[in-house]
Amino acid sequence: MLRIGIIGAGRIGKVHTQSICNYVRDAVITTIADPFITPELEQWAKQNGIANTTKNYQDILQDPNIDAVLICSSTDTHAAISLEAIAAGKHIFCEKPIDHDIGKIKAVLNALADTSIKYMVGFNRRFDHNFRAVRAAVEAGKVGKVEIVKITSRDPNPPSAEYAARSGGMFLDMTIHDFDMVRYLSGEEVEEVFVHPAVLVDPAIGEAGDVDTAVITLKLQSGALAVIDNCRRCAYGYDQRAEVFGSLGAAACGNDAASNVQVSAANGVTGEKPLFFFLERYMRAYATEVEEFIAAVVNDTPVPVDAAAGLEAVRIGIAATVSSKEGRPVKLAEIEA
Amino acid sequence: MLRIGIIGAGRIGKVHTQSICNYVRDAVITTIADPFITPELEQWAKQNGIANTTKNYQDILQDPNIDAVLICSSTDTHAAISLEAIAAGKHIFCEKPIDHDIGKIKAVLNALADTSIKYMVGFNRRFDHNFRAVRAAVEAGKVGKVEIVKITSRDPNPPSAEYAARSGGMFLDMTIHDFDMVRYLSGEEVEEVFVHPAVLVDPAIGEAGDVDTAVITLKLQSGALAVIDNCRRCAYGYDQRAEVFGSLGAAACGNDAASNVQVSAANGVTGEKPLFFFLERYMRAYATEVEEFIAAVVNDTPVPVDAAAGLEAVRIGIAATVSSKEGRPVKLAEIEA
Amino acid sequence: MLRIGIIGAGRIGKVHTQSICNYVRDAVITTIADPFITPELEQWAKQNGIANTTKNYQDILQDPNIDAVLICSSTDTHAAISLEAIAAGKHIFCEKPIDHDIGKIKAVLNALADTSIKYMVGFNRRFDHNFRAVRAAVEAGKVGKVEIVKITSRDPNPPSAEYAARSGGMFLDMTIHDFDMVRYLSGEEVEEVFVHPAVLVDPAIGEAGDVDTAVITLKLQSGALAVIDNCRRCAYGYDQRAEVFGSLGAAACGNDAASNVQVSAANGVTGEKPLFFFLERYMRAYATEVEEFIAAVVNDTPVPVDAAAGLEAVRIGIAATVSSKEGRPVKLAEIEA
Amino acid sequence: MLRIGIIGAGRIGKVHTQSICNYVRDAVITTIADPFITPELEQWAKQNGIANTTKNYQDILQDPNIDAVLICSSTDTHAAISLEAIAAGKHIFCEKPIDHDIGKIKAVLNALADTSIKYMVGFNRRFDHNFRAVRAAVEAGKVGKVEIVKITSRDPNPPSAEYAARSGGMFLDMTIHDFDMVRYLSGEEVEEVFVHPAVLVDPAIGEAGDVDTAVITLKLQSGALAVIDNCRRCAYGYDQRAEVFGSLGAAACGNDAASNVQVSAANGVTGEKPLFFFLERYMRAYATEVEEFIAAVVNDTPVPVDAAAGLEAVRIGIAATVSSKEGRPVKLAEIEA
């Protein structure tokens, strides 16, 4: 029975807590840490059978009975807490991204070297049943040699300009998932990135130095190509689709909806919109994600998304940011590795 | 916090136990009873935080701390245990059917009269997200006045002839769900039934006096029509679809699959088969079902499927059985009410 | 070059004329006959390169240069003109039905006996690309042994009560196409018919002695089953679908629309309605139909829908009419053959 | 009755001839010219009711009874014949592209200036029912302000390296249709192009100086974005889809297939591949195209695709070619206008 500590009880920390309580048989959460812990949160923890709550995540790191931690705190703390947790010998699941600074990510990778610590990065979409089925089709050879990867990724509502300003920019905040998805679906590394950016949704986002819409093309090391289209606002909800085209065909997945009902009437044939946002769309994926982290720890097998994958997605995100600003294709080789 | 006892720890008893443990906040299972309880089952109960196991369901009925019971034992025990549980003042969720004998069902209805006991029958498909969305479209007036209800219901693999012989016949064992679905989707009562039966899958089922394939048409009290097609074997898995057609249009739902991936290749465009069988297809529906039972008890609101609905589906099943044997349309008025 | 006369220049006569002019290389229409011929019609004929128009179809039958006739006049004239055309030695394409009277149809079959005349009945749906692809899948063994045939057939708008009164009734006027489709898709003969009829669209149709909605089930000679659901009114247009289910799977076809565009917006994901009615839906099928008639004449090969098929569909229609009136299953053996 | 001459009786010349003969009431083809005319072709022309054939297209230009010409000869002759036809006062439908040389296209535009000659360029996809329905949704405001246009365009089989070498390159030979489609669907002009090119299908095409796969992104004048993905080979046939995303939603269209039949079996649910190639996919679009050209001449209304559109697509194609070779985004302003 693996003993787990949760660091950060915000939205995603709660999602993981719930997943472990509901679905994971061979793990138990013993402590939740959050600096802003409330009585409601304490009660919620109790109802979920969690023994301890604390304002100080050090209580978790110093607890010798805790085997693994989930770092669900704010992004700017991920790298530092990761280092401390590594020093404490805990296995680590860290929400994406490890950091936006390559140096800090590398410090984590270096600290992990020569340890037997499992370190997993939370790219939840890799655990979605649809994207997995596309990847499975690719691995089964159904599309042959990969030639073009296409990803559509649109959020229902734009963030505030304030959020955008401190988010690291759309490519590190939102597209980073799509960069990881390109690597996941293709099984390849990215060689070059070009961005056609735009501010079409909210001028304030542009004034804050960010963009809200973009088409990003990527050249992979085999010569295959990839393209991502992003928008921070989508009138019909969260739009997350992918297609992998190759020498023998294509595998594509679409959105999920609350039902597959079709209403035929005088004004056409109408189905439901996609599930609204990531909590609706990826709830099952989040559960699979933590299950697989725990399985990797328990069985001492490789984690499905390691720290190097976390680094690589950030490097592509930085390359995209440079391309967006400089209006030129940027080679990954230009970005610190 | 509602305290619950589970009577019968077979497949469906386990499903409900898991659903309550995972999803239901305001209920706790205190005891599981099963005459064939094993050490594995006891350990499983423990892992799910259930305090007691017993071979004797009377331990549950006599426990004054238990508020409600789920009757998940074999069909031939449903009515008798229901009567005992009513006498013990427990709220009751009873797996379908209450019984195949109308007299026994009526004894349960009579015992419930003038009590405040909640009694719910487990027609799980009413809680499926797709069928619910069809019903919601009907209730929202999107199809106008209901005119034709169509239900397709096919099982992946036929039962053994032995099972068929003691099942009460296909119409009471399998089609009963579809009869309830006709009532649920239309909001109407059935007036007449006609069956075109066939033995096309396994001659041994025919020799056992049952059928394995049928098309059943129903006349509803408003004059609207319904049709069900059934087969005990389906090469591509569980096939459960519905369509309601009316004066303003139609609402239809299809099967769910493990993913929505489409592979386009030289041999066509291929998607996944439907989810294999009822445990895969209706897992979420089962959880919703027990949640709504518990909510009805906790909030003292009507249960979504009452004992009268359980009776009516059996009456239609008996009418269908008569039609199948006698080769003529059978009025519901011919069947004891 | 086959020389053709068109008897009857109403809607369907014009459709066939156009099809032959546009698509058929080895046939030429030399004469069109219609008792109510107008100057507009004469001009239309001229524009289509047709040499002669006449009020008297005898001019066609007596023209030794004409090889084949298309009988597109009103239903009550089909049988008599067929007999005259047979006597004149013409090959014949006759719109469905030959007649509603079995004796008259048999007179045509008898007259054809021992001649080498090609006689084809216009069941146009057999030439639709979608229904043909279902039939092709069945013939290719993709569904295995046929077990259940399902046909949905709904017209956009009901006829007038006057039309209904003299139409022969819905089963001979509308469902006759579906009866033929059951035979076409299954490759089997019908043994028994049961109808659940209803008047849900227009009470005046009921007062005229007809019905406007029905679910019809059929038992085929192999023991396989079929079901047809009909409505004379459909808010979203012409609804014509089919499914054949068998031991190895199912083949199903849906409606066609003017485009496959999907609009995703705040109110859902919307596609186009089906094509409005038979002229839109089956325009290509009509062309294929006459092409295949002409090819059968030119190549002296069997016609795809012979007079016996025309007879059989009418027999099933009569059996359905009896079932509808008498409320009992009717064996085809009860109907004159 | 418009009198038409066809210049060039190759594949596309025959397609247009057939369309006019079959569908167009107010036009007649009087002469077909082709330098390699054969007896078979002469007979084919006769069967289609065309009075004259000639090896010399000058016979058409000099015939005062001919009102309009369709230039279906090889691409390198389009501009010169266009100039001669303008001088002869004929209305002109010219297959795409007018030329690959901007100077030659401009000479045609200049010659047209101050004449009342109708000059239409054959971008056939604009007349496809699906793409038109997307455009109609955009014009009807269903997607709001256009933000991202996505086009997928893949051919079933690659051309020979020899063809590629003299084709002007993939961007002028194949993508030119997609560039026009971006302009058509968005209603906007292109400002900048970036290409990620690849040779993934046939190394010989690369050796010939061309590419066979590409992802092309475009910035439009409003700031909206567009992306095209191309491949010269597609295992499942011709793949031509589009999506327009905007502030209120998205409109998307897919491929057409020979039927909409779905076969459900043990190995999944399978539908048909897309129609094989452009002749199958766009046959109806070709007919609509010439109908609309003739209607524009007869009614003296603007042609739906004018010479300026023909120029603009070539300019974008040249910009893409430069981007592909130089690996940088290219502004349309860099290309001669």
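Order of writing sets the labels: A, B, C and D. Residues in every chain begin at 1.
Just so it is clear, a residue touches a chain if its C-beta (ideal position, glycine included) is under 8 Å from a C-beta of that chain, and two chains touch if they have at least 3 such contacts.
A quick note: this is a predicted structure, and the numbers were derived from the prediction, not measured.
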Chain at maximum distance from chain A, centres defined as averaged CA atoms: C
Pair of chains joined by more contacts [C-beta pairs], B-C or C-D: B-C
Chain A and chain C: spacing of chain centres that average the CA atoms, whole Å: 58
Whole-Å gap between the CA centroids of chain B and chain C: 42
Where chain C and chain D are represented by their mean Cα positions, the distance between them in whole Å: 39
Set of chain B residues in contact with two or more other chains: 235-236, 239, 248-250, 264-266, 272
Contact set on chain C toward chain A in their complex: 235-236, 239, 257, 264-274
Complex contact set, residues of chain B against chain C: 144-145, 147-148, 150, 152, 154, 192, 194, 196, 198-201, 213-215, 217-219, 223-227, 229, 231, 233-236, 239, 245, 247-250, 327-329
Sites on chain B touched by chain A in the complex: 22-23, 25, 47, 49, 129-130, 132-134, 137, 142-143, 248-256, 258-266, 272
